[in-house]
Structure formats: C-alpha cells, structure tokens
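In what follows, structures are represented as structure tokens.
Both complexes shown next keep chain A, but they swap its partner, so chain B is in the first and chain C is in the second.
Coming up: the complex of A and B.
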C-alpha cells in the first residue's frame, strides 16, 4: 500500500493502481476519452491531465520539510501528467482541479472541437456523448477558430452492422484497441495521420466479427453508430432495465432500452463474473423477435374451421377437459430450457399434479467461441436440470417421441418449444388426443395443437435463470407484452388452477419462495436477493474464456480490469 | 409579515353608492345611443371580420414546420421538441434520408411528425428548443375539426401551415 494525497486528502492504495482509478476510488471522476479499464492505455486523448507532485529529492544530510500533519511536503510539478497510464507512488500528491488542470482541460476540449461537426441534432450519440458532457463541464462554449473545418468521409460502411462518421471521430483509438485485444480481429486503424487522420478498415476487410457492436458502445462520440439502432430513438427517451441476455447459456448482463412498451436496443452491462463489459452481436438482436409479424398475441382453440381466438379461461377449460380424460402414463410434458426457473417450477407442479414421469426439455447446442458465446444455446439448461430434476436433459425425448408414434402417449404439453423442430413427426402429432403448445411465435406445432397459448418474451417478464457457469441471474420486465399475453408462470398457474382449483399464487416472489422451500439449492434466496449482478449458485467446470484472457492481461499489468 | 392595506377614506357622497350607479348607467346608455345611431361599433363580426392584422409579433398560434428557400425540410427529427413539450403533444418517427436525395448529407428527417392540437397548449417551448430553426408558432388560432383524428396535424399539414421561411441560418448548405 502507498500513501497518496488526492485533492488534499491522504489515502492508501495498493501499489500499481493507476492514478485515474485512485481518483475514482476517492470519489473524483477524472474526465477521459481513450482510457477504458478493460483495454490498454495509450494515453493519447490527454483529457485526463492532472497535477502531480512527489516528495522532493533530498541532498545528503538534508532533513525533509514536514507539513503540520507531519507528512513530507509535496513538491508540485510545473507540468501536468496523464492520470490514466501513470501509477501511484508513495508520498504522491494529485490535484484533480485548480488553475493548471482546468486550463489543460479547456485546452484539450478546444482542440478536440476544432474539427468536430456541430451535428448533435442528428447524431445518435447525443445524450450519452462524452464530448458533449465534457464540453459542457470543461469546454469554452465558443470557438475561436474561423477557418473551415476539415472535411472527412461521412456515413462510411465499415461493416455489416456499423456505420462510421470520420468527422466525429476524436482519435481515442478505443475501437482499434478493442478489435486488437478482445476479438483479436485487427481490422481498424488510423491512416493519413495529421490533421486529416481518418479511422479506416484494412483494405479488403470489414469490421464484421461477432463482437463488433461493442466498438459502438465504447466509442465516446458518435463516430461509430449501430445500423440497427441508427435514427430509431434518441437515447434520452429510453428506459433502461437491467436484465440478462437469453441468446445462449452465457447469460451476459444487459441493459434493455425501451420506450413506451417498445424495445429499441440491448447493450451490455458490466459484470466481472460473467461478461466483463462486452456482449456478442447476436444477443443484441434478440428483441426483434418480440415484434415479429408471426407473434402470437391471444390464446387459440382449435375448432372445426381451424384455430379461433379465445379467452384465457376458455383455453384453460379446453385444456383441462382434454387432460382430465387421460391417465398419468398417457401425458408427456416437453418444457424448454429457455424458460425461467419460476416457469419450470410451475411445470414441475403441473407434472406432479398430472403424476406424469414423461417430463423433459429440448437440448440445443451450437458452436461456441473462445470468448463469450457458449456451446449451450439454451439460456437455462442448469435451471431445467435443477428444477425439473433431470439427470441428462433430452434423454427422455426419444422415448416420448416413440411413445407418441406408438400411441401410448396420447397428450403432449409443449411449453415454449416447437416439437416439429425438435424432431417430432407432424403426422404422429396429429394423431394425439390432445396437444397444447405455448410459443412466442406461430410455428408448425401450434398449427396442429388443440390449444395454443401465446408466450411472453424475455423482455416482457420477470424471473430467474442459471447460466452455464452456475450463476443465478435475474430477468426484468422492460415492456408490457402485447394483446392478451401474460407472463408464462401466470398462465401455468391458471392451467393448474383449471385442473385443481385455487392454489393461492399471486406474485412471482411467492413462486420463488415455494421453489426455495422445495429445492435445496435455492434455499435462503429470493428474487430480490439475486440482485442485478446475480449470485454464484452451482459449482461447474465451465470457465468463461473471455474472463480467463482478461485475468491474464490484468496479471501482466496491461489493463486495469 | 402581513401587509396592512390602507383603506381610502370615502366622503359622504361616495359612501352613498347610488350616484355612482347612475353614472355608470349613463355611460352605458350613451354608448347604446351612439351604437343605435350608427356612430360607433364595438362588436367585431367574426368570422367575417378578423383581428388578424392587429395581431402582435409575439402572438403564439399553431406550431408548424417550415421549409427554407431551397425547399429543404428544416427539421432533422432530433426530437428535442418531443422531449420538451409539456403536454406531450408531439410525436416524431425519425427516418433516414436516402443516399440519392439531394440533401442526403443531412442524413436524417422526420418520417412522421404529428402534433396533437387538442393537447397543444401553445407555450412555444418547441420553437424555443429547436436547434434547427424548423418549428415556429404561427398566427393560426382557429384550429377546428370534427374528430380527434382531424385535430392531429400530420407532417403534410404542418408544412402547409408553416410554409417557407427565409433568412434562417444555413448550417447544412456549405459545400461539403
């Protein structure tokens, strides 16, 4: 530990702490553009200049001069130092304000704004732009430059998901470092150095890796914008809901941006136990399914002339009537590892009531990568294992399939799964006495189902999921579901109620409480206690490759982490 | 601290209120006679006659979008007016200007721009906040309609009311 004086207060920090991080811990934010704790620090934006001082070097035999507290007096350096790339030292003093520092910041801002276009009204970054923020805080407010601004390429297509505006770029090089260091896809660089410096892709290459949209997030200005979010909505209108991504088993922490029950974007949220500060490009597009034209919005009941809209109570009555005629051996439940723990728990209660042993989920795997994308494409496989008591998810599926074909299984309840996509034959599903399908979208299984329930999407419900590393995390509701759609656990509760009578469950918190009472792993937890960052629940062998790499780079001192 | 109001001291003549009433009635009567003899006019025959010519410069009527001399839609759909609007009367759907448009470099313009004139309170905040000098409160005050839908001014109607405004700052027109 070293003693450092920050703005007049002495504090202790571990050796090797960057000055900017020490200031942050002391509660002072030093403005910066190029510095990012998860990336290397080239120190090129000069925005984080602070005044630094050290104890004076003494002549032999000279006694150090002490101040009234008995500490060695700091000798302030006449020139400023950057806070992002320098580390603290014993007896060091840092001034994050004062005449020199203010003058430096004003100067840096003035230089950055010489060629920056005044197109904030059309710039997507406006509202979350560091240049805007620091210009208000530290800028001059007026420009002293009368010459024409340098013209650079605008609206450049540098990748399938990203648009570049070179005039807005302030050369912080965050995107370049991100591409080099995280996805290790070195496609960006500066050319024509000088007044006309432009950010470009390597000739013949595009910024097209699976993590490219993170460059948009870390761009402090509006130089890189997402094609998908471009001109859709101003950021100050967006309601930010902390949630998790359900695209794969990783469960990256996200912020859902919505306005008036419409989703506009998903951005990563920092969680150093799951996804650091990043997420993949696929996960950001998840929400588009919610406004898909094939979206189911009302319960459907199969009549003589195909499906017709029905009320929830009619659909539940039809389902209950269909199930009551059958014995426990004749009913199978195919749930989904895309459901939340609470929904799976309601499935467990339903299965217990129907006394059926035929309960399974559809496993789904994909090609993972060495960063964040997990091989398990289901977001809650561990939850399904734990809540439904499955040893090996998908093991009973072949038997259920065979039972359906033979005719020993006469009813199938398919929750959030398209059975035909999971290998069931359409002809054998048609033979079933009763088929219920819950799904987000219209699908081939729903086409032949007697009762179809619409499903709420990941941004429309609350609940919890367990990711591949065994971390219990929370989903939050950002938007209201369309039409008659209800949260899925409520639908399952009502179905159980139609079969048995009231069961007194009114809040999702109560479902979790019941589940915690029955399943040992959840003991002592509640939805509130999970918190925004989740809790480590199960021990698994699984490691997050991205975090492993990050730890290595922290150990080498390359990044702060 | 309470303010002590000093009441005027009335004379006996003033205390008897009848003479004052008589005086008032006389004034009314004299006006009535003047009007009956056709010497004075106090009622304006709206809507055949209008006060429009006497409207002050700062009059705040219906908000409208304007085009400039070059016929460019000045609005770039930054949505600041939507944000500032106290009764939330404005709804904008932004859109991208296609690359073959002569004003492609502006990149953005409203796809839809609706002002609900039932909600509008004519406060003028939209005009004040606009960074592009695109929305102005015009002198139109007679906004009528037979249904709620009719009272919503869409983009077309807003440009019709707004028309062309000359001599504004041309920040997008420099050679690029």
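Coming up: the complex of A and C.
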C-alpha cells in the first residue's frame, strides 16, 4: 500500500493503482474520454490531466520539509499529468482541481468542440454524451473559433448494424481498441492525420463482428450510432430497467431501455462475474420479438371454425376440462428452459397436481464463441434441472414423443415451446385428446392446440434464472405485455386453480418463497436478495472465456479491469 | 584538416572545426568502404571491440556528448537507462528522419560519409549490447537509403557487420528502414511505432520509455545520425580529450545549419559554444544581405522560440549575471536555453527586416498543422486552429483579438500533449506573439471583427438578427 494525497486528504491505495481509479475510490470523478477500465490506455484525449506532486528529491544530508501532519511536503509539478495511465506512488499528491487543472480541462473542451458539429438536437447521443456533460461542467460557454470546421464523411455505412459520423468523432480510439482487444477483429483504424484524421474500416472490410454494437455504447459521442436505435427515441425519455439477457445461457446483465410500454434498446450492464461491460449483438435484438407481428396477445380456444379469442377464465376452464378426464400417465408436460425459475416452479406444482412423471424441457445448443456466446442457447437450463428435478434435460422427450405417437400419451401441455420445431409430428399432435400451447408467437404447435395461452416476453415479467456458470440472476419487468397477456407464473397459477380450486399466491415473491422452502439450493434467498448483480448459486466447471482473457490482461497490467 | 583538400568553393570556414563533416565536400572522396578505410575508417570500431562495453559507455559519459537531434540529452546517460536486469534483446535505432525545418546536416553524412555512421553505430551497438540496429531514413532521402544499403553491404563483405565481427564474437546486423513522409516519425516513440509497422503515434511516457520499453517492448536506444558519428570520434580522441572541444557541459563540435537572410547560408561545423550568434552570422556566414538589418533568429530549428534582434538576455557567467544581446549569445545548449529558446537540431534561421513575421509564423503554422499526427487533442485541434487564424490574418481577414486567441491556443497546447510536438507547434506561436505582437496586430483590422470570414460563415450569418458585437 502507498500513501497518496488526493485533494488534500491522505489515503492508502495498493501499489499499481491508476491515479484515475484512486481518485474514483476517493470519490472524485476525473473527467475522461479515451480511458476505459476494460481497455488499454493510450492517454490521447488529455481530458484527465491532473496536477501531480511528489516528495522532493533531497540532497545528501538534507532534511525533508514536513507539513503540519508531519508528512513530507509535496513538490507540485508545473506540468499536468494524465491520471488514466499513471500509477500512484508513495508520497504522491494529486490535485483534481485548481487553476492549472481547470485551465487544462477548459482548453481540451474548447479543442474538442471547435471541429465538432453542434448538431445535438438531431444527435442520438444527446443526453448521454460525454461531450455535452463535460461541456456543462468544464466548458467555456462561448467559442473563440470563427473559422470553418473541418469537413469529414458523414452517415458512413461501416457495418450492418452501425453508422459512422466522422465529424462527430473525437478520436478517442475506444472503438478501435475495443475491436482489437475484445473480439480481436482489427477492422477499425484511423487514416489521414492531424485534425483531418478519420475513423474508417479496413478497405473491403466491415465492422460486422458479433460484438460490434459495444463500440456504440463506449463511443463517448455520437460518432457511432446503432442502425436500430438511431432516430427512434431521445435517450432521456427512456426508462432504464436493469435485467438480464435471455438470448443464451450466459445471462449477460443488461439495461432495458423502454418508454411507455415500448422497448427501444438493450445495452450491457457491467457485471464482472458474468459479462464484464459487454454483450453480443444478437442479445441486443431480442426485444424485437416482443413487437413481432405474429405476437399472441389473447388466449385462444379451438372451436369448429378454428381458433377464437377467449377470456382467460374460459381458456382455463377449457384446459381443465380437457385434462380432468385423463390419468397421470396420459398427460405430458413439455416446459422450456427459457422459462424463469418461478414459472418452472409453477410447472412443477402443476405436474404434482396432475401427478405426471412426463415432464421435460427442450434442450437447445448452438455454436458458442470464445467470449460470451454460450453453447447452451437456453437461458435457464440449470434452473430447469434444479426446479423440475431433471437430471438430463431433454432425456424424456423421445419417450414423450413415442407416447404421443402410440397414443398412450393423450394430452400435452407445451409451455413456451413449439413442439413441431422440437421434433414432434403435426399429425400425431392432431391425434391428441388435448393440446395446450403457451407461446410468445403464433407457431405450428399453437395452430393445432385446443387452447393457446399468450406468453409474456422477457422484458414483460419478473423472475429469476440460473446462467451456465450457476449464477442466479434476476429478470425485471420493463414494459407491460400487450392485450390480455399476463405474467406466465400467474397464468400457471390460474390454470392450477381451475384444476384444483387451490389458491393463495398473489405475488411472485411468494412463489420464490415457496420454491426456496422446497428446493434446498434456494434456501435463505429471495428475489430481493438476488440483487442486481445476482448471486453465485451452483458450482459448475463452466468458465467465461471473455473474463479469463480479461484477467490475463489485468495481470499483465494492460488494463485496470 | 591540413592534408585534406576540399572541392573548390566548398572549403570550410577557418573558424570551423570539422570532425563529423571532415569528409563532406572533400576532394577525391566517395562513399565506398575502400575510400573510408584508406582514411582510417573502421579502425575505431576494431579498437572498440577489444574493450569492455561499459568502458565505451564511460568514455561517452566522460565526453559529455549531448544528443544532436534536438533535446540535447546526454548520450551516455541515455545509454545507462537500459535496465541492468534486462533479459530482452536490446535494439539501437539511428534516427535519420531529419525533418525539422531549417535543419540539413544529417543528409550530408548519409549522402557523403555513410561509413562514418556505420562505424559509430557498430561502436554504440557494442556498448549498449544491441545485436540488431535500424537506420530509420526519412522518405525524402531515397538516395541516402540506397547509399546506406550499399555501404552496409560493403561493411558486411569486410567483416564489420554480421556474425563474429573481426573475430570479436560480437554479432551485429543493421537494417535500413524508410519512412513514409511524416515529421512525427522523428519523435523516438513515434519512430518505434512506425518501425513496428503501425501509425507513428507517439507513446505515453511513462510507461513507454524506449530504454526500457521500446521497439517490440524491448530496451531501445534511439540516437540521431550526428550523435552516433560523434561516438566514433570519442573513441578516437578519448572522452576526456573530446570534452576539451567546445565549452564545459556543451562539449564537442556540432553542425549549425544556417538558412535565411545571410550572405552565405550553409552548414558549418563548429565547437559548441565557441562562437557567438553574431560571429556566426557576420564572420562565418559573411554577414547579412547588404543594406539589411537583423530582425529575428530562430536558433534551433523551426520549433525553437524566436529571438528578437533587439532583445536583451540575462545569463550567468561564472557567478556573475551579465546582460547580453542576441549577437553575443554563444551557440550552445545551455545559453540558448537560458535565453528562452533552444539549440535544438542546429537549424539557425536568420531573418532580416525584409521579413513579415506574420508571414513567417503562418508558414511555420502551416507546417505543424500538416504534420500533427492527430493522436492527442490539444495538438491535433490546436495546430490547425493556429494555422487557420494566421492564414486569415495573412490574407487580410484578421482582427486584433485573433492575436490574443493565437496566444491562448498555444498556451493550451504547451505541456499538455503526449509528445514534444505540442511544444514544437506552440512555441513558435507563443514566442512570435510575445515578441512581435505589435507587428502581428498591425496585420489585422479592427473592422474585420464580427465580419463573416468565409462563405460558410456568411451563409450562417444570414440567420443572425444582428451582427454580433466584437
């Protein structure tokens, strides 16, 4: 540990701490553009200049001057130093304000703005733009610049999901470093020099890697904008809901951006046990399913004329009537590892009421990568194993399928799964005495189901999931579901009620409480206790490749982490 | 110099002391190794290889040699910065990216005496333990690159490069690397990045001090062409004897490149500090052009701060403080620094009273705006801004407040950038404004205040209700 004085207060920090991080820990935010703790520090924006001092070098025999606290007086350097790349040293002093530092910041702000187009009213970054923020805090208010601004390419198509405005670029190089260091896809770079420098892609290449949209997040200005989000919504109108991505088993932590029950974007939320500060491009597009034109919005009951809209109570009564005539061996439940623990727990209760052993989920795998994308495409496989007591998810599916074909299984309840997509034959499903399908979207299984329940999407409900590393994390509701759609656990509760007459669960917290009472792994936990960053619940062998790489880079001193 | 004859009309001035430029313009001299060896070439390299490397570094330290590239940092001390515990390969780079406006010395060494440089590099590489060295030649010296390639080939043939040089067990390869035409490649960490195949963005220091984390993150010594040549002469004379040349702390000889308004501009190798500026101009260079008066001088390449002809400076002479004028300044590192400028790369730009300082500053600003690499904010934006202002002032669109803005912009660059380019581009402006303020203001017009200076500005002004108050 070394002693460092920050703005007059002495504190201790581990050796090797960057000055900017020491200041942050001391509660002082040093403004910066190019610095990002997860990326290398080129020190190019010069916004984080602070005044630095060290104990004076003494001539032999010379006694150091002491201040009133008995500490060696700091000799302040006349030149400012960048706080992002320099590390603290014993006896060091840092001034994050004062005449020199204020002047430096004003100077850098003025420089950054002279060639920056003042198109804030139509810029998507407005409201979360560091140039705007620091202008307010450290800028001049008036410009001394009366000459022509440098003209550069605008609205440049640099990749399938991103547009570039070179005039807005402040050349912090965050996006370049991100592409080099995280997805290791070195496609971005600067060409030309001086004030005419432009950001561009390598000739013949595009910024198209699976993580490209992270560059939009870390761009401190509006140079890089997402094709999806640009011109859709002013960011200050967005409600930010912390949640998790359900695109695969990784469970990247996210912020859902919504306004008036409409989703506008998903951005990553830092969690150093899951996804660091990043997420893949696929996960960000998940929400578009919620407004898909095939979205189911009301319960449907199959009549002579095909499906017709019904009320929830009619749908439940129809389902209960369909099931009551059958014995436990004749009913199978195909649930989904995309469901939350709470929903799965309600499935478990339903299965207990129906006394059926035919309960399974549909496994789903994909090609993972060496960063965040997991091979398990289901977001809650471990939850399904734990809550439904499945040893090997998907193991019973073949038997259920055979039973349906043979006619020994007469009813199937398919929750959030399209059975036809999971290998069931349409013809054999048609032979069933009763088929219920809940789903987000219209699908071939729903087409032949007696009762169809609409599902709530991931942004429309609360609950918890367990990611591939065994971490229990929380899903939060950002928007209200459309039409008659209810949260799925409520639907399951009402179905159980229609079957048994039992009642008593009004809040999802109660579901979790019951679950924690029944399943040892959840003992002592509640939805509140999970918190925004989740808790490590199950031990697994699974490592997060991206985090492993990041740890190596931290160990080498390349990044702060 | 007695037995050497120089080409007619190219003879050195009697006040010169030619070590490095001994063979420049020499009658019968060519760039072949045979020519060099007949004249004692490579004898010092042979001698050096029999010594302990540390002994050579010590001689260089004793000699007091200071870098001739611009910063004037003691060469032996620089060599000593290689971490003693180092296990990585050590590289030596010869910085032949001579591009400071007003400087034209290294090119003559490269073009006329390449073996002197190679010999200096062999000695220096042996001293610092480098087995691989590069000569980074600026793009604008294509002929020099060819000459060096040929010379390196000859040195190989004669066993002065390659494996087991002269049976000493020391291996050394030297490669020529050509730049692509960027001033910033002369900055040592920018040069290293360029050599690594990247954009020459200078590195932040700390942590990337070349002597510890240089080329390929290994210890690297970057020395100027002239500096490396001096090492050969230090070997020949011994450090102590070499240190007798010049003045204390400013030892040896150095080549001054005089350009501008003198009768005989050119290169002059003189003992450091033995000559005042007045002597240089009036004696060595044949005086100013007839009927002209001295107006200003930039004593160390275009980035050095300008000195005004009538300025007075207080400098220490022994224990006393004396006041001197520009003509009395000895052309050494310390005095020029004490006078608020620098000896820099030795480019002395003399300006007489026919020169418009506004025009001169604009010319310099154009250069730096064109050469700023664009990596860090103050220099990238500031250098072009200063150019735009002086462009406007020169073309008659300036207002008096522009001159204040110029000074303000320069101040916001100085000391706040990644590399010394920040100082290089801001010092001309800050010194010109400080010393020739009246002249700069006189090239502006009060009426220009608030006027649209460009068609773009004019178009924007259509939307303003009233002309803004200046």
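Criterion: the second predicted complex is superposed on the first by the 561 of 561 C-alpha atoms of A that agree within 3 Å, B and C clash if a C-alpha of one lies under 4 Å from a C-alpha of the other, contacts with A are read in each partner's own complex, and residues count from 1 in each chain.
Convention: a residue touches a chain if its C-beta (ideal position, glycine included) is under 8 Å from a C-beta of that chain, and two chains touch if they have at least 3 such contacts.
This one's a predicted model, so the numbers in the text were calculated from it and none came from an experiment.
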Between chain B (first) and chain C (second), which does A:232 come into contact with in this model arrangement: first, second, both, or neither?
first
Which partner does A:118 contact after superposing on A: first (chain B), second (chain C), both, neither?
first
Could you tell me if A:392 is touching chain B, chain C, both of them or neither one (first, second, both, neither)?
neither
Considering only the touch criterion stated at the top, classify A:155 as touching first (chain B), second (chain C), both, or neither.
first
Using the touch definition from the top, say if A:194 reaches chain B (first), chain C (second), both or neither.
second
State whether A:528 touches chain B only (first), chain C only (second), both chains, or neither.
neither
Touch test for A:49: chain B only (first), chain C only (second), both, or neither?
second
Between chain B and chain C, pick out the one touching the greater number of residues of chain A.
C
From the superposed pair, tell me which chain A residues show up as contacts to chain B and also as contacts to chain C.
148
Spell out the part of chain A that touches chain C in their complex, as residue ranges.
41-47, 49, 78-80, 82, 85-86, 103-104, 106-108, 110-112, 114-115, 144-148, 150, 170-171, 189-190, 192-197
Can you list the residues on chain A that touch chain B in the complex?
118, 120-122, 126, 148, 151, 154-155, 230-234, 236-237
Of chain B, residues touching chain A in the complex:
76-80, 82-83, 94-96, 99, 105-108, 131-132, 171, 174, 176
Within the complex, chain A is touched by chain C residues 182, 184, 199, 201, 204, 206-207, 369-378, 380-385, 388-389, 392, 405, 408, 411-413, 415-418, 453-454, 456-457
